[in-house]
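Heads up, the next two complexes both have chain A, just with different partners, chain B and then chain C.
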Partner chain A sequence: MNDSQWARYEVFEQERAGAPHRNAGSVHASDAEMALGNARDVFVRRPNCFSLWVVPEAAVFAKTAQEVARDDWYAAPAADAPRETYLVFSKKGQPARETFVEYVGEVQAATPAHALRVALETFPPQDVFVWWVAPERRVLKSEQADAASMFAPARAKKYRMHTFYPVEPIMRELKSAQGMLDNSEKTTDND
Partner chain B sequence: MNDTLLARNVLALADDSLLLGHRNSEWAGHAPILEEDIAFANLALDELGHAQLWYELHQELTGREPDETIFFRDAADYLNVQLVELPKGDWAFSMLRQYLFDAYENVLLAHLVNSSNARVAEIAAKQRPEEMYHLRHTSNWVKRLGLGAAESHRRMTAALNELWAYALQLFAPLENAQALTDANILPDPRALQTEWENQVGAHLTASALAVPAARAPRAKSRSEHTAHLRELLTEMQEVARSEVYGVEW
Partner chain C sequence: MTETEQLQAFEARIARGEKIEPGDWMPDAYRQQLIRMISQHAHSEIIGMLPEGVWLQRAPTLRRKLVLLAKVQDEGGHGQYLYHAAETLGVTRAEMIDALLAGRAKYSSVFNYPTLTWADIGMIGWLVDGAAIQNQTMLAHCSYGPYARAMVRICAEETFHKKQGMEQIIRYTRGTPRQKQMAQDALNRWWWPSLMMFGPHDATSPNSAQLIRWGIKTKTNDELRQDFVNKMVSDFHAVGLTIPDPDLYYDASSGNWISGEINWDEFWRVVKGDGPCNAERLQARREAQENGAWVREALAAYAAARGEG
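== the complex of A and B ==
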C-alpha cells in the first residue's frame, strides 16, 4: 500500500462491563498509544464507554465464511512453534443487516491461520460470516484506572446528543409564525 | 472583602480557559489529520466548558452574567495571561501552548480540589478528570514532535523558546491574592511554579527539548495585554454587540 497516511487501527468499544468489545470503526495514528487516544476522541464523544481496545489493521487476520470454506489459507505450524494468545472476533447475521465484529474469546496458537483454525474448532460457527483474529500482544487496551478521565466526562455532555437540540419544533414554530408552512408540512407528525 | 478578591481571581481562571478554547477552536477543520481535528476541537470545547463553570461562580460572587462578562467587557478589563491570547501559530506552537497550560491546570486543580471554598473545590473536582486526559493527550504529542523529525524538533524548539516566558506569567499572582492563599482558598503560586517546572522540565527533557533559561514572566500584570487580544475580542464580540443581531441569546 502506497499510503502517506499513518497506520490504520481497528477500534473495539465495550459499552458496559461484561458486554462484548465491538468494532466501532478505525482511526489513523502514529502508534498504538496515539491510536487509543484518537479512538477515545472519535468514538467516545457520546455515552457510554467502559473499555477501548485498538489493534493495528495490519495485525488482523480476517477471513469471510466463504474463504474459510475454501480451506486454501491454512498451513499447519511446526509442532514446536511457540504459542501465544490470539483474540478472536466474529460477525454474525445477514451481511445486509447492521451487525458488528464482536469479541468472542481467545485461543492459543502459533500463527494467525492456526489461531483461526483453533477458533473454528472452539467457537460455534453458526451464522458467522466474518472471522478476525489478532495476537493479543498487538492489542492495546485502555486501563480501568483511566476510565474516570477517558470515559466518564462524556456522560455529562448531553449537548453532544442530537436529542439535546429540539431544532424541528423550533423551526416549525418559526415557519408557522411567518406563514411559511405548506399544507403537507402542517399535517406531518413531529418525529 | 474576600468575595471581591476571589471573584477577580476566578475571573482570571475563566478568561484563561475561554481564550485558550477560542484560540484552539481556530484549528477546527485545519488540524493535521481528521482524528486530531476532532480531538483538538474536543479540548477546545472542554476549555470553554471549564470557563463557563468559572464564569458562573463569578456571577454568584458579583451578580454579573457570563454573557455580559464575556461579550461586553473590553480588552483592558480581561484578566487572562498573554500566553492564551497569542495567535495560534503553527501546530507545534498551539500544541505546546496547550501542553504547558494543561500541565499548569493539572498542578493547580490538584490543589483546588482541597480548597477551603466549597464551590471552588466542587468546580475543580469536575474539571480535573478532563484535564488529566488533556495532559495525557498533549504530553503524547509533545514527545512525538520533540523526538520526531528534524523539522518537528526545530518547530518545537522555536515554539518553546517563544512560549516559555509567557507561560511563567501563569504563576504571577494577582494583587492581594496572598489573602486567598492564607485562607487556603487558592494555592501558593510559588509552590505551583515549582511543581510545574519539575513536571514540565522532566517531560521536555525526555522529549529532547531544552528548557529555556528565561526566569522572568513576559508580563507581570494580568491587565497588560498584547494587541492580539483586542483583535480576538473584536471578532468574538462582534455579533453580540451588533445592533442588528445583538438580540436575546
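== the complex of A and C ==
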C-alpha cells in the first residue's frame, strides 16, 4: 500500500514580503512541482501567504542543538571540493516559547555538514534549538507570476476567518439580558 | 551518558518547559505515546470529514455550502498536518493509513454517529469542534515541538469551525418553532457523544499520569470535560436550549456544572467498532483509497518519465 506515499517535501511559507520563510510542515509528492501544488492546497487556505518553498526532506541536513553539541557529525571537505549555496534555517527563542524553523540566510559550502559548520560560525548560535541546511538547487520556489492563481483566491474567502462570525457579542448580549454574565465575561472581549 | 542519566536530563528539560524536537533524545515510551496519540488524532480529522461531507450537496444556501466546504477542507488539511507531525517520530504515513484501513487504528468515536438533519451541521461545529478546541488548546502547549506547532495552526482554524456552527444554531433558536426543535433535537443527539470525546474517567485512563508528567498533556480527561461542560451549559442556556441530562446540576461550592454519568457501555461499544456508522466510515475510506489508485499510478508514471520518481 506504499503507492500513495512518495517522497516527503518540507514546506516553507512566507506570510508577507520581507518576512522570513517559515516551516509549515510537509507534504508527499511525486515531484517538486506537485509538492508545490500540494503545499498550496494543504497550507494556503487562509489569506496570509506571499511565497512558498518546497525542498525534499532527504536534502535537508537537520541537527538539534543537542546533536550539534555531540560533535560526531562533521568531517572537513577536501580543500578543492566545489562550493555551492546552501540555505540555512533555525528555530530559536526561549526554550519554553513556541517558535518555528525559519530561514536565516545562506552560506557557501561543499557538503551539508560543512554548510552547518559555516552556518554556526556565520549566524549567532545562541538560543538556537534546531538547525536545518539544504542546497539551494534542491529548493523549488513559487514564482511571483503565479501568485495571482496560487495565493490571491484565498484572500477573497473571508468566510474562512473566525472574525467573519460575530457570535461573541450576540452571546454576551443574550447572557446579560438574562443576568447570566459573570465578572470575567463582562470584561473580556474575545473578538 | 547512561540511559538513566539521559532520562533524568530529558525529564529536567520537560520540567523547564523546553520543547523536544525530532533528533533529540527521548524515551521510547514518549515516542510511542506520541505516535499513538497523533496518529489517532490525524485519523479523527480524516474520518471527521465524512459525517459533514454528506451534507455538502444538500446545503440550504450557497453561502452555507461554501462555509461547509471550507470547513471540510480544513479537516482534511488538519489530518495532513498531523500525519506530518507523527512522521517526524519515525512512523510513515503509509503505515498509519494501512492501520486505519485495516481497522487496527482508533479515531474519535464521535464520528461514528450519523448526521440526520442540517441542524446537526451547526451543532457539530458548536459542540464537536468546541470540544476539539478545548483539547487542542491544551495540546498547543505540548512538550513535543512538531505536535504543538501543528496545534497552533489547527486551533486558529477550529475557531472558525465553532463560530460558524454557533451562528447557525443561534439563528435556528430565533427561527420558527420547527427550526428551534431541530436545534434541540440535534443537541439531544450530539451532547453525550461530545462529552465522550474527552475519553474515559481519569481513574480508568491508564496513560494519563505519564502523559502529564512528560508534558504531552497538561490537563486530565475529566478536567478538560469539566471545563467544556461549564462553558457549554451556560452558552446553551443563553440561547434557550435544554441540555439532555436530567441529573445535571450547578454545584455552587465548586462553581461547576456537574453532569450525570456517561453511558460507558455505549462508549466502549462504539470505540471497539460497533457504533452506528463505524463500518460505513471505514468503507468510505477504503473506497476513496481504491478509487484514487489510477491517479496515483498516473502521477508515478509521469514522474518516472521525467526521471524524478
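By our rule, the second predicted complex is superposed on the first by the 155 of 191 C-alpha atoms of A that agree within 3 Å, B and C clash if a C-alpha of one lies under 4 Å from a C-alpha of the other, contacts with A are read in each partner's own complex, and residues count from 1 in each chain.
By our rule, a contact is a pair of C-beta atoms (placed from the backbone, for glycine too) under 8 Å apart; a residue touches a chain by one contact, two chains touch by 3 or more.
What you see is a predicted model; the values in this text were computed from it and never measured.
**Q** Return the chain, chain B or chain C, that is in touch with more residues of chain A.
**A** Greater contact footprint in residues on chain A: C.
**Q** Examine A:150 and indicate which partner it touches, taking first as chain B and second as chain C; both and neither are also allowed.
**A** first
**Q** Check the residue A:42 against both partner chains and state whether it touches chain B (first), chain C (second), both, or neither.
**A** Once the two structures are laid over each other on A, A:42 reaches both partners.
**Q** Counting only touches as set out at the top, which of chain B and chain C does A:100 meet: first, second, both, neither?
**A** second
**Q** Regarding the shared-chain residue A:17, is it in contact with chain B (first), chain C (second), both, or neither?
**A** Touch partners of A:17: none, neither chain B nor chain C.
**Q** Under the stated touch criterion, which partner chain does A:178 make contact with: chain B (first), chain C (second), both, or neither?
**A** Touch partner of A:178: chain C, not chain B.
**Q** Regarding the shared-chain residue A:27, is it in contact with chain B (first), chain C (second), both, or neither?
**A** After superposition on chain A, A:27 lies in contact with both partners, chain B and chain C.
**Q** Under the contact rule defined above, give the chain A residues that sit at the interface with chain B and also at the interface with chain C.
**A** 5-6, 27-28, 30-31, 34, 41-42, 45
**Q** Note which residues of chain A are touching chain B in the complex, please.
**A** Going by the criterion above, the answer is residues 5-6, 27-31, 33-34, 37-38, 40-42, 45, 146, 148-150, 152-153.
**Q** Where on chain B does chain A make contact in their complex?
**A** 33-36, 38-39, 42, 46, 129-130, 132-133, 136-137, 140, 144
**Q** Where on chain C does chain A make contact in their complex?
**A** Contact set of chain C toward chain A: 13, 16-19, 21-25, 63, 66-67, 70, 73-74, 77, 80-81, 84-85, 87, 92-94, 97-98, 101, 140-141, 145, 148-150, 152-153, 156-157, 159-160, 162-164, 166-167, 170, 234-235, 237-239, 289, 292-293, 296-297, 299-300, 302-303, 306, 308-309.
**Q** Which bits of chain A are touching chain C when the two form their complex?
**A** 1-6, 8, 24-28, 30-32, 34, 41-43, 45-46, 62-64, 66-67, 91, 95-96, 98, 100, 129-130, 157, 159-162, 164-165, 167, 170-171, 174-175, 178, 180
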